[in-house]
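Have a look at the structure below, then the notes.
Residue numbering begins at 1 within each chain, and the chains themselves are lettered A, B, C and D in the order written.
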Amino acid sequence: MPSFEPKNPDFRAVAAATFAAQRVMHTLGISLLRLEPGEADLSMVYSPELTQQNGFVHAGIITAGLDNACGIAAFSLMPKGSGILTVEFKTNLLAPAKGERFFFRASVIKPGRTLTVCEARAFAEHQGVETLIATMTGTLMAIAPAS
Amino acid sequence: MPSFEPKNPDFRAVAAATFAAQRVMHTLGISLLRLEPGEADLSMVYSPELTQQNGFVHAGIITAGLDNACGIAAFSLMPKGSGILTVEFKTNLLAPAKGERFFFRASVIKPGRTLTVCEARAFAEHQGVETLIATMTGTLMAIAPAS
Amino acid sequence: MPSFEPKNPDFRAVAAATFAAQRVMHTLGISLLRLEPGEADLSMVYSPELTQQNGFVHAGIITAGLDNACGIAAFSLMPKGSGILTVEFKTNLLAPAKGERFFFRASVIKPGRTLTVCEARAFAEHQGVETLIATMTGTLMAIAPAS
Amino acid sequence: MPSFEPKNPDFRAVAAATFAAQRVMHTLGISLLRLEPGEADLSMVYSPELTQQNGFVHAGIITAGLDNACGIAAFSLMPKGSGILTVEFKTNLLAPAKGERFFFRASVIKPGRTLTVCEARAFAEHQGVETLIATMTGTLMAIAPAS
């Protein structure tokens, strides 16, 4: 994995503030675990409020975690004052989202002035064992700071 | 658009029961508006609890609606006793999820014994005007009834 | 389907010249059938040189046709002097690419200054009957003319 | 990376024969470099016959290489007598396909009785330097041997 040089020395504070400004993250019980230039890890606690018909967490919720991890990872490399949008993503669901805790780990694979491509993986922790449950590849777009 | 012959004459009751068994749909305020063989429309009311940093509904929540519409549309064509899994999906986000109400409209484009492919579109209704905000193509898998 | 206003009055000549400059299109036997603002149809004749192990046309070749149809459709709406890049695409393969002729039909679903999103469908014509064999959703990027 | 146990002891011979039976691989100048259980590497020599309007290899050709690498990697884990189909794939294009040689490296991330999910990366070798130019996530399906 390459290591990236952040363009914004305050990237940690800015990313944390943006994360905190997302009310949906609070609603879903998702928190920011780790942030490095081009990498972000989130975690989510199981809640029965987020389940589908078999009692597992719904694929859309897992996708929200993956997308947010990608967004924060990409955002960490953008210049000061940038906004960020998700352009598109693709998720493969590999195993049921069955567990007490979930992790969403994203890394930038190609940063760019306009577009940044990220990959992320979701893991379920069940009785102390982690299983890979989903993958995402996503494209994020920087919105240039108003000049 | 092709019209499909449901294999399960009770598909409406079964699909409605499966939808109702998804607690996450209740949490997100998503309801089933319309169901025909191979087609499903859902709606969702805006809630500030589901927003990202700009006050729009989060892409992951829009994806949850799209995925569920695809799932119900695919499920409506499956034999009695089948279970259903999402294999994968891809979402393009075309405009901010800004509005008072959101619609998720899915249709099967290729039904199959094992795999069914669906397309879905998400619309935001803002001050009476509908805007296309996202698309999904998804693959769903039938879990054969235990014999 | 919306109808689009081309920004470049010479879009037909420019798109046709760009298509002709793609040697791979000649190699694959793909030609431009129809071009309207935001829409492009290509056709390809079957060749045994392009087949996989079952004698059907390889999925990658079908994807090349779909991607090119998306590119031309998107390009038709871009300003004079723009270049174009494919950012990403997603293909679902719905049926074997079995036939004497193949068609790739793309339409823009969201044009943009930087990014344009297209959808395309591939059809096989076999003994006079057309079958939908694959779909694509793709994101294309305009490269601004040098100023 | 997990290491996988092949179900078919003759997987090398079967995969090589299937690869050789794909006439399109010969047409595109793609060869099988390396095969291990759940992993496949292909290489392709640059040809002007495969280029787009800027002289780079066309995205569809890169996708054909990625898809084939995924197919061979997935196929290596399937039981004797299985057939294989690509269900879907998603490609992100990260840099121009500019080089003298190209490599397509795929690994299975989730094998399954029916569906197998693979990831692949394409690299361009230009003047001795390798650059990551594209990624793929793909879903492959085993066709059960006739019994």
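Criterion: a contact is a pair of C-beta atoms (placed from the backbone, for glycine too) under 8 Å apart; a residue touches a chain by one contact, two chains touch by 3 or more.
The structure presented is a predicted model; accordingly, all values stated were derived computationally and were not measured.
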item	value
Reaching chain D from chain A through chains that touch each other, fewest steps	1
Most remote chain, CA-based centroid, reference being chain B	D
Chain A-chain B separation of Cα centroids, rounded to whole Å	23
Approximate Å spacing (C-alpha centroids) for the pair chain A, chain C	32
Chain centre separation in whole Å, for chain C relative to chain B (CA means)	28
Contacts with two or more other chains, residues of chain D listed in rising order	87-88, 90, 92, 117, 139
Residues of chain A defined as touching chain D within the complex	90, 92, 94-95, 109-110, 117, 119, 132, 135, 137, 139
Sites on chain A touched by chain B in the complex	18, 21-24, 26-27, 48-54, 57-61, 63-68, 83, 85-93
Contact set on chain C toward chain A in their complex	87-88, 90, 114-115, 117, 139, 141
